[in-house]
Amino acid sequence: MGDAVVNVAVLGLGRMGYRHAEILASRVPGARLVGVMDALPARTAEVAVRFGVKSYADWRDAVSDPAVDAIVIVTPSTTHAEIAIAAAKAGKAIFCEKPLALTVAECEAIDATVNETGVLFQLGFMRRFDPGYAAAKRAIAEGAIGEVVAYSGISRDPQAPPREYVAQSGGIYLDALIHEFDIARYLMADEVSRIQATGRALVHKWFADFGDVDHAYVTLEFAKGGLGHIEGSRNALYGYDIRAEVMGTRGTIAIGYDRQTPIRIQTAAGIAHDFVPGFLERFEAAYFIEMVEFIKCVLEDRRPIVGAWDGRQALLMALAAKRSQELGRPVDVESVAREG
Amino acid sequence: MGDAVVNVAVLGLGRMGYRHAEILASRVPGARLVGVMDALPARTAEVAVRFGVKSYADWRDAVSDPAVDAIVIVTPSTTHAEIAIAAAKAGKAIFCEKPLALTVAECEAIDATVNETGVLFQLGFMRRFDPGYAAAKRAIAEGAIGEVVAYSGISRDPQAPPREYVAQSGGIYLDALIHEFDIARYLMADEVSRIQATGRALVHKWFADFGDVDHAYVTLEFAKGGLGHIEGSRNALYGYDIRAEVMGTRGTIAIGYDRQTPIRIQTAAGIAHDFVPGFLERFEAAYFIEMVEFIKCVLEDRRPIVGAWDGRQALLMALAAKRSQELGRPVDVESVAREG
Amino acid sequence: MGDAVVNVAVLGLGRMGYRHAEILASRVPGARLVGVMDALPARTAEVAVRFGVKSYADWRDAVSDPAVDAIVIVTPSTTHAEIAIAAAKAGKAIFCEKPLALTVAECEAIDATVNETGVLFQLGFMRRFDPGYAAAKRAIAEGAIGEVVAYSGISRDPQAPPREYVAQSGGIYLDALIHEFDIARYLMADEVSRIQATGRALVHKWFADFGDVDHAYVTLEFAKGGLGHIEGSRNALYGYDIRAEVMGTRGTIAIGYDRQTPIRIQTAAGIAHDFVPGFLERFEAAYFIEMVEFIKCVLEDRRPIVGAWDGRQALLMALAAKRSQELGRPVDVESVAREG
Amino acid sequence: MGDAVVNVAVLGLGRMGYRHAEILASRVPGARLVGVMDALPARTAEVAVRFGVKSYADWRDAVSDPAVDAIVIVTPSTTHAEIAIAAAKAGKAIFCEKPLALTVAECEAIDATVNETGVLFQLGFMRRFDPGYAAAKRAIAEGAIGEVVAYSGISRDPQAPPREYVAQSGGIYLDALIHEFDIARYLMADEVSRIQATGRALVHKWFADFGDVDHAYVTLEFAKGGLGHIEGSRNALYGYDIRAEVMGTRGTIAIGYDRQTPIRIQTAAGIAHDFVPGFLERFEAAYFIEMVEFIKCVLEDRRPIVGAWDGRQALLMALAAKRSQELGRPVDVESVAREG
């Protein structure tokens, strides 16, 4: 890895993959983008030219390229397991976008391979790197609120995704709330044993056509005795609204309520300000910091704060929430793993 | 009722009853406090002297006093039904503190008598008169957020009540969250058909000795298709924290986050401000306005915006929530009425 | 003063005088409104009947009435000195609305008589009793921000007063900013030695017809070395905006930014909330507390926290500010007293 | 300038110069850092190696290098005029850090040369590129608050600079408030005709040893009739606090009150949050955007929104403020230019 540079290949060049490539190419200390690959050859060529790097015709070429130290996987979720396992066996450091995979079995297979091969593996739960959530985690660790006892999180999108996206997204629990499931575990430093979820298509009735909902409430019971609550919604027309609160025995920490600009317009009609419009704006720093951290972990041979097992746990919670909504009653989280 | 004055007797002179008496004696246009009664004769005498009004030895004396136009009932909840029914039969206007009663049967008996006798009856759900909630109700009525689809409310106390109180309070759902159940119905303008509740004794483990919890999450399913969520907690050491948010098809309305004073102290240690310490401070205006409204309704022969049936509905929701927590599954609200 | 009751007469029954009478008649412990007087006999009669108290044909009748313990003066400012001096000589406790008088000589005459006769005298600078300013004063006294070094205050009205009011108001410095001058001295616990003021008619050009301005900036130099700044404006269409900040050697205290209701409406158009519309709403508590405090001071024979000398000092600052604007240069405050 | 790439040399590699070099080397579309120069040869060498670019022994080498399209001047303010004039004559596009120069004559010489040579010149008033100020400018342009009539700005540093810095900084008006002077002109779209300034060494008494102050108030009179007020302070121990408010005939726009993280810690001790610690954090986006804009202007042959004349105007205001403080009276701004 000579000269403390990590040579990285990015696989998958959609909106998120392109962003990772751009960040790696220009701003991450110690990173050198060396190659890219997309399922669309034209896209691969275009991006390779823009950054002046190799274009791979197939992900296997990147994985087998001895010039590559690390692989960033931003391909469709269904392909994560195959690529990640191959990359691990090839000894590459791996950054994989969330969700880790769409089945518990695949998650466990990735985790097992990572453990066997000992490669470095970081999962793209970027909220853990957001300055807000990270400061909350730190404050909790420093005892600012005593022992944590309850988590509550709100994740609201400013609009519904298009029909074709909803059709294949896996539903609100797997697609949107998986971030909440991960951060709840992270801030509470505990596992969730039981979940109850209730959702409905409140505003966009057509979500029901796909067995999906646009608004959901989830109640969490933690193994050590804590409680949690999550709201997920596609109906926050005013902006992208991500909030959380952790209650401890001595106080609470609240995260959120972000403005796009720090201005306030005051007229006879009232006082008004704007709001962060979307996740790219809200988590701009987080997407950058997670990549900086990934490269640092590779260079310093450190274990990332979020790995394959975390992907398995969040998926399990999402599946349990989905099951609970279908059954209309609470569901034990691990039962989902055993059943399928 | 000559000269547009309403002669009022207050029954029950604990903290809340005394406050009602004081407000009626000094600040409510058109009201004249004429008599008081408490189960403790010494308390009755002391308060009667302070306000220069009659002391009744028994609530029956007040109810049968022809000089009395209106009765304010602030006695223990178990006595509400007997007193309210007698007062209604005596043709008195009635203001009754919440909860209306502790059984659905008693609630229904009060409601039936009020309807038969045609007396004016107002229930002490003072949140409906809070300038914040009232402004939200108005904004919703004016279409500010389109059609309402979801309610979420947080009610947090800054400390746990004493053991003896918890022992007989009926638990967090009946004692504390009954306000949430009422205001959720009110702002959503709908009934709740199904409830799921999860609670635990997170900080004050001794709540479990009384079958009670100090922290609870409740999910509501509304009849017309809306959803709701309520958090109740005894563990907000930083202050009395009452918040709510109503989501509509075109936006949301958020109520809450109140400071005691509008000051902010900024030092190298950070930026700090205070918080409203308790319900008397938070709802000071509401307690005054509800009494003003009661007297106005009597004088103008108008129906109050909150009556006996509202007490029945909120109680039903509280009982359903309690049942749900015990059973570990969602409960149909009306099933509780049928079962008892 | 038998039985710990203070018998009060209110002189002047305009908006503010009526409010004082109403508060004294209904809500102030230990106060008994016994009589009222207004320059308009019909107004006197109407208010006397409403509260069931005596009507005085002339303020001298109230001052000489042996049944009166305390006089509340809310007559035009030009009459304050004559009435206050007579009331002091008659041994009455005095509450006098601001401004104390319109000349320094009158202020000094009132102060001298109050000192000679030893009567209790409280001036109507109600901001000192506002929970926000009072909490700031307390925090400063407790050392929360170290030694105070700078004051900055903003006083904005939501609209201009009518022409006839501006014609006789004495101008923005005497009419509106006198509250700022008092509270600056109070929070800084110091006198102002030099003032520089700059004002213009920015929005309502017709203010210039009366030698007045609708927007002004004032710089204060305090005797012990501190600095101060005040903005006064008639142009805050969004609401009544009163803010202040005190800087100390270890931090600052900020007062202000008040909402009428704690609600926030969030739509695609942005996030909006309301604002306090006027001074009666903003200082509702202060107007009540100052009167409670006045009666308590009488009953407990305590000296009020704001007296006649404070009225003289604030007037002097207002006159100095006016002079500075006219001269276009800084003015020594005491020089105004010497010159007239 | 083939292939739409701008080849840039950075002169001066202190904290700010290094940051500009880094941003240009890694993140600005269309920019290529080609060389660097610092007065310290070792620093030049170190930075040149880090970015893999040329090291110049003297600024003249960069200015005469035909491979260089644009010069970024971050050398000491006393050298700006000589370098900028030479660069303009060499036909280079110029980005120059603020302040433009320390004398009005030098500012005017730069401006004249830029106009004669027709080179592109951008001054480093990065606040104009801050998303907050930029949004305010836009909202004003869209008529959100009607016609602008008053500006008020607060610029507070969290601590005093070291003695050696104060000794040569030129004082609070030239060093710190020059940003305020520029942004006041920009948002009001007007020139300032008269200034009155009052300052004192309130907390750091040693500022007086250098004829400087740590706290100042400045009143501005605008040519078209508006007013302005600026507070500058070195004493905001709680953080770096930059706020502004523009008042118009139909409302106001407020900019500011920024938190470092969106978290709030709520304990029995109160509600607390943090604050932005310094200018690099507060204006991180602005420093990046101004450089992006500079390169875009070069590529698109557009005139930057802030040029040499703006530097002259802001300097004049700073000098007038300093003079006003010394004289203890208001000063006409242009009189300073005429006097020298």
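Here the chain labels run A, B, C and D in written order, and each chain numbers its own residues starting at 1.
One rule holds in what follows: a residue touches a chain if its C-beta (ideal position, glycine included) is under 8 Å from a C-beta of that chain, and two chains touch if they have at least 3 such contacts.
Remember, predicted model here, so these are calculated numbers, not experimental data.
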Higher-contact pair (C-beta pairs counted), B-D versus C-D: C-D
Centre distance in Å when subunit B and subunit D are each reduced to the mean of their C-alpha atoms: 58
Between subunit D and subunit C, distance of the C-alpha-averaged centres to the nearest whole Å: 42
Set of subunit B residues in contact with two or more other chains: 236-238, 250-252, 266-268, 274
Category of the chain touch graph - line, ring, star, complete, other: complete
Subunit A residues touching subunit C - in the complex, by the definition given at the top: 158, 236-239, 266-275
Interface residues, subunit D side, partner subunit A - complex: 26-27, 131-132, 135-136, 139, 144-145, 250-258, 260-268, 274
Touch list for subunit D against partner subunit C, complex: 149-150, 152, 196, 198-200, 202-203, 215, 217, 219, 221, 225-227, 229, 231, 233, 235-238, 247, 249-252, 328-330
